[in-house]
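Same chain, two partners: chain A is paired with chain B first, then with chain C.
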Partner chain A sequence: MINAVGRDIPEEILEMTGKEVFHGNNYFDGYVFQKASPSTKCVINSNGSKVIESIHEALVKCEIRDGMTLGFHHHFRDGDYIVNMVMKEVHEMGIKDITICASSLGKAHDPLVKYIEDGTITNIQSSGVRGKIGEAISNGKLKGLAIMRSHGGRVRAIETGEVHLDISFIGAPTCDDYGNCRGIGGKSNCGVLSYSMVDGDYADKVVAITDCLVPFPNFPAHISMTKVDYVVVVDEIGDPEKIATGAAKPTKDMRKLMMADYCTQFVVNTPYFKNGFSYQTGVGGASIASTISLAKIMKERGIRMRFGIGGLTKPMCDLLINDQVDALLDTQDFDLAAVESVKDLRHFRISAGQYASPFNKGAVVNKLDFVILATLEVDVHFNCNVVVGSDGMITGAQGGHPDTAAGAKCTIVITPLLQGRTPAVCSEVTTVTTPGESVDVVITDYGIAINPRRQDLIACMKEKEVALPFKTIEELRDMAYSIAGKPQKVEFGERIVGIIESRDGTIMDVVRQIKPFEFSEK
Partner chain B sequence: MINAVGRDIPEEILEMTGKEVFHGNNYFDGYVFQKASPSTKCVINSNGSKVIESIHEALVKCEIRDGMTLGFHHHFRDGDYIVNMVMKEVHEMGIKDITICASSLGKAHDPLVKYIEDGTITNIQSSGVRGKIGEAISNGKLKGLAIMRSHGGRVRAIETGEVHLDISFIGAPTCDDYGNCRGIGGKSNCGVLSYSMVDGDYADKVVAITDCLVPFPNFPAHISMTKVDYVVVVDEIGDPEKIATGAAKPTKDMRKLMMADYCTQFVVNTPYFKNGFSYQTGVGGASIASTISLAKIMKERGIRMRFGIGGLTKPMCDLLINDQVDALLDTQDFDLAAVESVKDLRHFRISAGQYASPFNKGAVVNKLDFVILATLEVDVHFNCNVVVGSDGMITGAQGGHPDTAAGAKCTIVITPLLQGRTPAVCSEVTTVTTPGESVDVVITDYGIAINPRRQDLIACMKEKEVALPFKTIEELRDMAYSIAGKPQKVEFGERIVGIIESRDGTIMDVVRQIKPFEFSEK
Partner chain C sequence: MEIVKPAIAGTLESSDCQVTVEPGDGEIDFTLKSSVINQYGNQIRKVVFETLESLGVGSVKISIVDKGALDCTIKARVEGAVFRSAGQMEHLPWGGAIRP
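Up next, the complex of A and B:
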């Protein structure tokens, strides 16, 4: 069945998943559903401690068994030890057929491939997968279907009961003996625990794993003791150097600086750039450079931001330090400056649900004026692909891309015209992950295209005679093809190894197994 | 059927309510249940405002109809305008058979009596009822059964699905156009919104009513926009002077000061009085005086409190100001000093569930060392009654009394031996609201009785030769009776008008209709 972004979703997949095809961003607006709920084991006595000896003991007490779904967060990013520690123990206990439902998985989790191969893990649900896990899935090693969902989509899937978390594991930089977890403090400081909050609310069993046990009460708790069954203390929950890196040095790449400048010029000429605007940006070099140059213009023109959302990095936190923004709303911290900024009273942690879920009574992305995003590919329909490489291999993550793009009044995607030797602007993306309906502007080093759906923005730029190299998206594609040649379509095998789930749970696209490369017989 | 505190709970009531009789405090420890859940209407679009014109419009949009259950909080105490405003509108719409599920109801709600009389309101569930509503219930005017439950018990009832909230109304001192509510700021400042948090989580529809609309985002939100359907702006949500009163002047009543002194002497001689202890106290004159005198001894002996919980008043907040406590955990603010203290970074708001629910994975009351409470009556089994007057009229509220008493390692009840001319220590309380199992010490102006269950405390006081007027509870009762005479048993009618629900949902006692007074024929 053809969906709203023109992708043919095979009937077998619709039947297997019970899902609908993607019908457009606001298809479920006003939809009423009954929320799911966990089972809870009451703690009435006053014995006082939930600390147990080991992850093994936690698994035994949580009655781990074949076929369970385990929840994890990715606030420790490439420095995460939790997933591997837990899965090693699960594997040693001989448990099979586990579904991993993580907010994301990355290179830190390469060791999981052997558990995929031996059937310990048979399903993976994640914002994305990088590294060896992506290769394993693309090579058809995962028995079940990989589901790639956005940060908002994960909350939706759990809150609707589409996914039921049997046990969730929360890596907690600090935790007390009753399970109050905080993302800040300790030696594996990640700032916030936003992605885990839904696990606390909906998992039957919740295990906090910490390397820094602190006195009760560890307040303000990011995950409350009322939701935590057991606390396990281990030597190390992560590698601090890979959890929050030092702030990236501002890019000196002229191409990125030029795109950042285009972006800023565009932003400041829209009607949304006024006192009280709201803003989010990704962590790419051009996005970060845009924030820096935007801050300058804000200062020159005396314009103040009401709130910034993130995935935060130093330039966003600098807005707070320099009193150019009233509030930062934080779901994840990418560098030490952002982690440190969490202590600022105007820097607020929000849950992934508050950030981005389409199935609550309104997330903050709905209140965004601007979001500046990157992409691997964007096509002439403005569809973006941030998950599957042009070679067909799963290599990226949806993150909050489709959530913020859908919510923001002005969604800007920045990409160089060519990613290496591959056209980033193309006729059809390898895989659709964010629908063109959500994308208003594409900025490349060769020009800027405004989505024809946004005649208001086109008219605005004309009226103000904005001196930017505007093109049609087809012109940008043609330029890319004229430089690098029209890319050959990736040849996939037949088997569907994963689906790209829209934030509302419908199917945006499917991902097929990589076809082993064969030399042409010609 | 006779329950664990010796009360005979009629079979008809067990059948009607589907409840069990009270089996003892820890009967449900380790019990596993499936949590209830609300329905949710998704807000995906970015139109941005939930502000509607009036309470009437909110009721229409929430599809109010006969038989619904409406949730309210009592953070505005005797200054609350919300309940009356909403119920006036409900009444004018001709809606009948409403169940009010409030965290508490007081004298501010006297106008509800006419809605009880005309069948608009047929059921009341509350921590307690004071004033005219109590009289109306005791006089048999409420068609259904009044259910009195503790603050923890209300959360339990909602989380188990025993009560399903159709619409909850949150009086919000400040709110933004997307529904982020805070208890602080504005002109009807109540500090925290702890009792409403469960309404946000479990009500199908949530309406925020505010008299101070502020710019989005109103963070940190005490109730999140993700849980609020509509925002109504009215002129006044409460009477500030009755919401948070000026701090009570320290009592000069010699009897209260003496009991406070007994209490402090007892506390400091227990093994729990050491660095890092935790403490809660009520708002009675003797309790407040105890905190003041305890603070002095803490200073003298260099002992620091780890955390204090409340229901907070100035003397507890002074501990924070004077750096004698690490943290305050707050569910309600009784005076302006407490409201002001909310701004302190070591003053944390907690939900009623985190505070006191017996049906989560562990509430903070489980971590209490001491709680100092008042009571209307206490009997020789150490059972307390804080709801029904000695004249049989409903006049008080459970509040957190049974929750904290069950949780604390040392529960001290302070009461003058005589309340006016009525013995407060008696053979059998009029109504059991907190079981004797939870009460360790009774302090009166005539002496102190330790519960024989606590041989450890009795031994400790003997060993330390603590110079306090220890008596048995029977001796205290006998003294009371010798002064005031043995009180005549209140004569009740047959009809059961209410139940005292234990915090775990079992039945602690029933409340019968008042029998109209008749002159004896003799």
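Up next, the complex of A and C:
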């Protein structure tokens, strides 16, 4: 069945998943549902401590068994030790058929491939996967279907009961003996624990794993003790240098700086750039550079930002330090400056649900004026792909891309026209992750295209005679193809190995097994 | 032209390719590793065969490790490797066998 972004979703997949095809961003507006609920084992007589000996003991006490779904968060990014530690123990206990429901998985989790191959893990639900797990899934090694869902989509799936978390594990930089977790104050700080908050609320069993046990009460708690069953203390929960990096040096890449400058020029000429505007950016070099150049213009013109959302990095936190923004709303911290900023009283921790879920009574992404995003590919329909590489291999994550793009009044995607030889602007993206209806502007080093759906923005730029290299999206694609040559359509195998779930749970696209390349002539 | 001795041109930097030629067995023995093989494998093969043809090379073992080089780069690297292999470092036939 053809969905709203023109992708043909095979009937067998609709039957297997019980899902509908994507019908457009607002298809579920006003939808009413009953929230799922977890079971709770009451703690009345605990002798005042929930600390147990080991992850093994936690798994035994949580009655781990074949076929369970385990929840994990990715605040430790490439420095995470938690997922591997837990899965090693699960594997040693001989448990099979586990579904991993993580907010994301990355290169740190390459060791999971052997558990995929031996059937310990048979299903993966994640924002995305990078590294060896991505290759394993693309090569058809995962028994079940991989489900890629956005940060908001994960919360929706859990709250509706589409996925039920049997046990969730929360890597906690600090924790007390009764389970109050915080993202700060320890030796492996990640700042906030936003993605785990839904796990705390909806998992039957919640295990906090820490390498820094602190005296009770570890307040203000980021995850409350009322949601935590057991506390395990280990030597290391992660590699601090990979969890929160030092502040990235502002890029000196002239091409990125030029795109950042185009972006800032565009932003300041929209009607949304006025006192009290709101803003979010990704962590790419060009996105960070645009925050820096925007801050300069805000200062010159005396314009204040009301709030910024993150995925936070130093340049966003500098806005707070320099009193250019009233508040930061935080779901994840990428560098030490952002982690440090969590202590600021105007720096608010929010849950992933509050941030981005389409199935609550309104998420903060809906209040965004601007979001600046990157992409692997964008096509002439403005559809973006942030999960599957142009070679057909799963290599990225949805993250908050579709959520923020859908919510923001002005969604800007920055990408170089060519990524190496691969055209980033193309006729049809390999896989659709963010629908073109959410994407308003594409900024490349060769020109800027405004989505024809946004005649208001096109008229605004004309009226103000903004001196930017405006092109149509087709012109950008043609330029890319004239330089690199028209790419051949990647050939896939028949088997569907994964689905790209829209934030509302419908199917945006499917991912097929990769097929080894063969020359058309011998 | 005759492939006299093994020769290499190019690097493994992004957007470049490394071309290795060796004397062949009377045919073109072509192998390719490319970061963009799924999208451009056939195109790269075509460019390499056309370049060899215009150089008059019919017997060669040629292997390419491509890091996303454009056609013009691939062509230049193939030409570079072939002329090095033939020991011809001067009086290169610009505009003749080496065409823009």
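Here, the second predicted complex is superposed on the first by the 518 of 522 C-alpha atoms of A that agree within 3 Å, B and C clash if a C-alpha of one lies under 4 Å from a C-alpha of the other, contacts with A are read in each partner's own complex, and residues count from 1 in each chain.
Here is the rule we use: a contact is a pair of C-beta atoms (placed from the backbone, for glycine too) under 8 Å apart; a residue touches a chain by one contact, two chains touch by 3 or more.
Just so you know, these numbers come straight off a predicted model, no measurement behind them.
Look at A:Ile13: by the touch rule set out above, it reaches neither chain B nor chain C. After overlaying the two complexes on the shared chain, residue contacts for A:Ser357 are found with chain B alone; chain C is out of touch. Legend: residue contacts after superposition of the two complexes on their common chain; A:Lys35 is shown touching chain B, with no touch to chain C. By the document's definition of touching, of the two partners only chain C reaches A:Glu491; chain B does not.
More residues of chain A lie in touch with B than with the remaining chain of the pair chain B and chain C.
By the touch criterion defined above, A:Asn26 lies against chain B but remains apart from chain C after alignment on the C-alpha atoms of chain A. In the superposed model, A:Phe219 makes contact with chain B only, not with chain C. Contacts of A:Ile483 after superposition on the shared chain: chain C is touched, whereas chain B is not.
Applying the stated contact rule after C-alpha superposition, one finds that A:Gly392 touches chain C and leaves chain B untouched. Applying the stated touch rule to the two superposed structures, the chain B and chain C interfaces on chain A have no residue in common. Taken together, the chain C residues at the contact with chain A in this complex read 14-15, 35-43, 45, 67-71.
Against chain A, the residues of chain B that register as touching in their complex are 25-26, 28-46, 48, 50, 159, 178-179, 206, 215-217, 219-220, 224-229, 276, 306-307, 327, 329, 348, 353-354, 357-364, 366-368, 406-409, 504. Interface of chain A with chain C (complex): residues 390-392, 420-422, 483-485, 487-488, 490-491, 517, 519-521.
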